[in-house]
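In what comes next, subunit A is part of two complexes: it sits with subunit B in the first one and with subunit C in the second one.
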Partner chain A sequence: MSSQRKKNFQIEAFKHRVVVDPKYPEKTWKILEHAIHEIYNHNASGLSFEELYRNAYNMVLHKFGEKLYSGLVTTVTSHLSEISKSIEAAQGEVFLEELNRKWADHNKALQMIRDILMYMDRTFIPSTHKTPVHELGLNLWRDVVIHSSKTQTRLRDTLLELVYRERNGEVINRGLMRNVIKMLMDLGCSVYQEDFEQHFLEVSADFYRLESQQFIESCDCGDYLKKAERRLNEEMERVSHYLDTRSLDKITNVVEKEMIESHMHRLVHMENSGLVNMLVNDKYEDSGRMYNLFRRVPAGLSIVRDVMTSYIRDTGKQLVTDPERLRDPVDFVQRLLDLKDKYDQIISLAFGNDKTFQNALNSSFEYFINLNARSPEFISLFVDDKLRKGLRDVSEEDVEVVLDKVMMLFRYLQEKDVFEKYYKQHLAKRLLAGKTVSDDAERSLIVKLKTECGYQFTSKLEGMFTDMKTSQDTMHGFYASHGAELGDNPTLAVQVLTTGSWPTQPSATCNLPAEILGVCEKFRSYYLGTHTGRRLSWQTNMGTADLKATFGKGQKHELNVSTYQMCALMLFNNANRLSYKEIEQATEIPASDLKRCLQSLACVKGKNVLRKEPMSKEIAEDDAFFFNDKFTSKLYKVKIGTVVAQRESEPENQETRQRVEEDRKPQIEAAIVRIMKSRRTLDHNNIVAEVTKQLQARFLPNPVVIKKRIESLIEREFLERDKNDRKMYRYLA
Partner chain B sequence: MIDPEGIETLCSDMEVDHTDVRILMLAWKMKAEKQGYFILEEWRRGLKALRADTINKLKKALPELEKEVKRPSTFVDFYSYAFRYCLTEEKQKSIDIESICELLDLVLGSQFHAQVNLFIQYLKTQNDYKVINMDQWMGFYRFCNEISFPELSNYDPNLAWPLILDNFVEWLKAKQS
Partner chain C sequence: MHKLGRGHRDKLQQFMTITGASEKVAHQTLKASDWNLEGAFDVFYSQPQVKNFTDSRHLEELFNRYKDPYSDMILVDGITLLCNDLQVDPQDIVTLVVSWHMKAATMCEFSKQEFLGGLQALGIDSLEKFRERIPFLRSELKDEQKFFEIYNFAFGWAKEKGQKSLALDTAIGMWQLLFAEKQWPLVDHWCQFLQARHNKAISRDTWSQLLEFARTVGPTLSDYDAEGAWPYLIDEFVEYLNENGIIENGQLNDLSHRR
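Let's look at the complex of A and B:
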């Protein structure tokens, strides 16, 4: 290697001109043109790809791209024109097949042509912003073949005709359809839409409009819905098989509109087969279908829901206002529970547990349960019945189920304080008569009430249970310390009731028989000895007694009676005949109670331990009573006491109502004062709204009563009217 | 101190009936506390305010006094005074219906003839209220001033009107139909 400096390399242009054959482009083009012909004539096998590629390459290189391109356009166009004519000439069924075949051919040809012209595709075309070869091929096909005046309409009509036939039950060539439709899609989104889809949607709408009209005249609701569902599924399947997926929503909308939306009202209200009929007859499948179909259209579900709601409200209203139903409270409540179960089932099985339907059901129940002012009383009586006997031999879980259902009804009550009053009364009777089926069940319900309403609601109820337990202990203590000396005396069982916790009864006069006075006094002094500062008063209207009686032929029976009844009966130890007046004087029991008591002893078949003259049902002042020597009963123990919870008579009901109203006044006042204390000033409407909100867990206060309480508070100077703004009230500290 | 007898003499001297509303106005001007009596301080106060030192001057001052009382700005004060003046017992807060009716007629009868007559009628026939308190008394005056009569078109029972007026309006509407 020489160590000389390297010489720079230089490239110089040719010094002599390259002679280009003027006929070169034409010659080369002819080769390519010929190749295109051969390709379209299915003669491509004889061609040399490499040679053709090189030719195309050279043309572009030597700046004859334009000639190449325009030649391509012309040649392909002329081939396509011929193809178009042959397609136009095709008869009947063959038309579509011919089109499909020629399209496949064209695609294959196009592929080959593009491969050959790839160099031009990649260089000349982008730089001149011309349409690439493949796309050009599609556009030409579109313009020359598809949009030829004859073919365009014929294609559309043929496709729609096939769809129509398929809808009418014929089997069509789905593969062919798919290919042709795909062709339209490949030609561009707007081609598919304008040449096919929009017409498809139009005729479909007409088709379904007509069909739905026919169906609705001839089918009942259930059948119609089945048909509509079938059609809907058909269309979905059609799309998946041979249409563009983007058509799915569009065609389903058409079906939904024509078959469902247009006839919504008529379907729902159809006589003997509409929604109401489905609900009444528990037709889960049909109503489920209606739900699923109507869900697809705007306002569809609200119609279903509204019809269901108004039907439930009507049914419920009828139930609670039917005088027949009101005679049996337990049955009344059971029917309510059955109604709720029925619709819970329907909503779960047919309406997919739709929350809005649940809410509609709840609000309907809330509406009609409160239409009957005695609902709270009846629900308490239902509970009483269950806890006294209904839940005997029922498993613990089932007990919970029943109690939960009761709680559900309780929640619907607006006047929860009325329920509380009755519940207390009935509970007291159950406890005192020892008539509860299960202590656990009682406790469980109290816990549920506490969870629902707070500690305050149940604190007194719990107090009642405590008293019962304490009394047991007290009795043990009493007999432990005095047992010996009381040997011969009648056995006493005392329940000591704390006044605040138990339902208040005015204590009436009653002279206890001499036989028990002794032991009663001993108990009183025992109790007061251990509990100073308390006062005891016998609640003679709530006690019971077991009497051993011997009748005429020596039959012995044990009579289970109320305290009043005991007082009356004991008198007959010393007299065979007593007039009403004499009994009244001796016992000093209030007249109405005494009359009821004597009625139950003398006028009831099977329990008539006394005989009355005259034999009438009513007790009159000068009636005479005799010990009934001839009394018989199959049972040794005869129950005559009437301390069981019962539906109140009208006057008793009025009385309870009044007491509830009285109890509400201080609660309303307390609420008003609480609110005003924190707000300082507030206008009338807002006070009413706030008070209502605060008390709604217990009852719904009457705005007039609220106003009256406000005025009373103004008079007592807790509040005053604002001097400037007459709508406002002001808190006076 | 002037006692009821003395007041009667005063009235005849002024040639005004002792049940006339102007005597009440006089009492108001004096800020007299006890019905039927004027104590010296009150007497002096009233006469000084009226610029009268003789019975004649007092009599002549009456029309002026009437005008003053009837002015809307002072009437409210007089109206509420009229109620308080009738509370004779120590802790008394309300006046019986009978007396209220008379007082209403005396104090408002000329100004709101129709309303007063009907309200008196209502009070005498209803059973809910046996007495009227200050709040209800003032409420009625507002009622006369603000509510169109006899149409009652702008009365809204949902506002803070005393309940007795709600009932009155209900009674009126029932009567009208």
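Let's look at the complex of A and C:
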């Protein structure tokens, strides 16, 4: 023995022979199998978790996982088969309860089994890609119990039956339903869908199809909608109580389709209860319900909107073309405003202020207001009436409200330039007669028009106001400097109007009485003294006069008359009887005006300061006039001459129209020149489109008129046709 | 001409002697061929007969024969005489062609410059030559392009001096004349329409566009395009034809037969 022997230390595995009992796996399995039995038999309390776990653990460790797993499958399957049989045997109501109970048991058992077999779950199963224990349990339940041939259909039918009964008003056990449905959901999404949901949806569709058919035959629209709404809410509630939330949209779609979409047209058009009826009778609740329900289906709202639109258009069209309505312009406009208010209300209360409905309303109004060519005139007359008397004693805010409404109608007009023309005329009359209720209201409206249409639209109107103010100052100056010498003369109040701003009137002849002429001339020289280079012409057709008259029995009256009437009446200071011819000669007033003036002095009851022979209504050339000594009136002040704005007669209307057309020609030409100047060359259709676009804020130009203007411009060598393409025009600098 | 160098002057003389052309023509031709005598001869002889030598003395005589005793213009009497000499009706359309060549400003009168210039351009210096030319002048109307120019020239020529538009009667007369040559089937209807509906003078644009219309739109109006930016008078004419059943279903009805 040498002392230099190397000593190698080796650590070796424990080599003692482990006696592997060939019966080991079988024995261990039997223990576990027994445990599973006990668990399923509600006898788990006597088991030791630790021991069972260890046994399972050892089996897996010693590579008997396969046996363990397959044993598990077999055992659980056999238990489930028994359970399945007992469920199948259950009668009537008990079926579902039994199923529910057994399911709960199974889950508990499965939990325990999984805990015991946890080691296998975590090691053997993943590595062999087998189904984990819990999932396995569920699958087995599904395959053995739920999908057993008898149970599968029976389960489905039972559930659907319960739903059906609930729909018919019975109270069912919702808790039980919820649990069973949840079971299906736990078994997998496809189980829920295939075993229950898709049948549920089919059956529901049939149910609602039938029900909706019954309802529609027996109910009116409002009731039907109430029922539909109720069913919809019911289904939503049902889902929240015992169905999968993902079913919500699906079932509501079914209800919407069967109850609403299939019957949309019939509902809307239902006689005496459909949409039109609701609109006419302001049934906000019903129409609101219709809106909310129809909103849910495709094209639902368009039907509602279209029916509403065509109804409004028809109503509006009737309104504007009804000859009765057209007699009273103020009433006409008021009705338009009322119509708008009504539908504004409906849209706000029932249709949730839906913008598309608002737009439909606006376009409808724009459509029918412009069907009547006299709309601009009437709207101006409405404003005139309001500013003349309608707005007296109205608060400032309310005045604004009315004016805003007028502006709203104004915006619908296509021919805004026609409105401008009438507005100017009526404003002139108001200002000159001093008949405006509130200066602030007038100015407020001008500001609104300016905001809407720009400075050019209102510059002349503002000029009119300025003239009135300036005239006042001028009068003060006149009387301040000449007051003394004018003492005895008639008092004069002159408004000096700047020609461009005021509506043009053709000047007419009229011989003023001597007393008046004198003071007028004094004014003229005063005015021209301070304003050189100007020309004044008396507008005798627009003036008024106050005359003090003494009648036969000494009764005195103050007569408020037009200038023409004054000229005629003053003649009777020097004569008792005058023939028409004599009056005509003396005053030189144009025949038609003179006839009208004499008519209002002699032929109107209560205002007949003159007597006519013969007593006919019409003025004939050889009539004779007498001062009416016997004239009486309850009032001291008698108003005879009125220059109130009235709706024009047909010929006057034609004339105004013509003037508007004439005014439009230069505007169109200016637009053409503007466009061509920047584009240099452009083809015909594009010019027409551009011109229309530029002018549409004022009026809609007629393409034929545009063509004529283009030709006129070619004639005047502003434009030429392109030599190669006759549709193109070129700007000539 | 005074600035010509000696060499050029000689060439000019030579050229004039050989070809018989006027000094002006000779100068132009030589200049155009870069003062190369041979080249100039080529150019000269290859040109159409129109540029032939005209005797300016003869032209003067001709002018004096027709001119008005009190002014330097040929007026109505002179023109009548001229037409007689040419054996041509004064209303004959060939007078228009002649006026066109002369670039006459107004109908029924020729200034001296217009007369001389026109005849010279045509290579006419005697009545005989003039008479010979008449068929040629007539034939020019058949040429599409020349007709176009003559037609448009006619507007300015036929209208009153100082007016922008052409009086309706004159226009109708001119149209009858011109479209007799061109064979436009709707010309009578057009004139009737104008008399019935329009009754005002004709603008230049309408005049020239009418030719376009006659050329491009067939008599059944099947290819009339309402969006075609035709003058509004023509649009109204189409309406008139449709209203009065003259054009019905794409057929041109000759209403004269219905009477």
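To be clear about the criterion, the second predicted complex is superposed on the first by the 722 of 733 C-alpha atoms of A that agree within 3 Å, B and C clash if a C-alpha of one lies under 4 Å from a C-alpha of the other, contacts with A are read in each partner's own complex, and residues count from 1 in each chain.
By definition in this document, a contact is a pair of C-beta atoms (placed from the backbone, for glycine too) under 8 Å apart; a residue touches a chain by one contact, two chains touch by 3 or more.
Keep in mind that what you see is a predicted model, and the values were worked out from it rather than measured.
S.K.: With the two structures overlaid on subunit A, would subunit B and subunit C clash, or do they fit side by side?
M.R.: After superposition on subunit A, subunit B vs subunit C: clash.
S.K.: Looking at the overlay, what does A:Arg726 touch: subunit B (first), subunit C (second), both, or neither?
M.R.: Once the two structures are laid over each other on A, A:Arg726 reaches both partners.
S.K.: I'd like to know which partner A:Glu711 touches here: subunit B for first, subunit C for second, both or neither.
M.R.: So A:Glu711 meets both subunit B and subunit C here.
S.K.: For A:His62 in the superposed arrangement: first (subunit B), second (subunit C), both or neither?
M.R.: neither
S.K.: If you tally the residues of subunit A touched by each partner, is the higher count for subunit B or for subunit C?
M.R.: B
S.K.: Please report the subunit A residues shared by its interface with subunit B and its interface with subunit C.
M.R.: 683-685, 704, 707-708, 711, 714-715, 721, 726-727
S.K.: In the complex formed with subunit B, which residues of subunit A make contact?
M.R.: Result: residues 683-685, 688, 703-704, 707-708, 710-711, 714-715, 721, 726-729 of subunit A touch subunit B.
S.K.: Which residues of subunit B touch subunit A in the complex?
M.R.: Spelled out, the residues of subunit B in touch with subunit A are 93, 133, 135-136, 142, 158-160, 162-163, 166.
S.K.: Which residues of subunit A touch subunit C in their complex?
M.R.: Residue positions touching the partner: 683-685, 704, 707-708, 711, 714-715, 721, 726-727.
S.K.: If you look only at subunit C, which of its residues touch subunit A in the complex?
M.R.: 164-165, 203-206, 209, 212, 227-229, 231-232, 235
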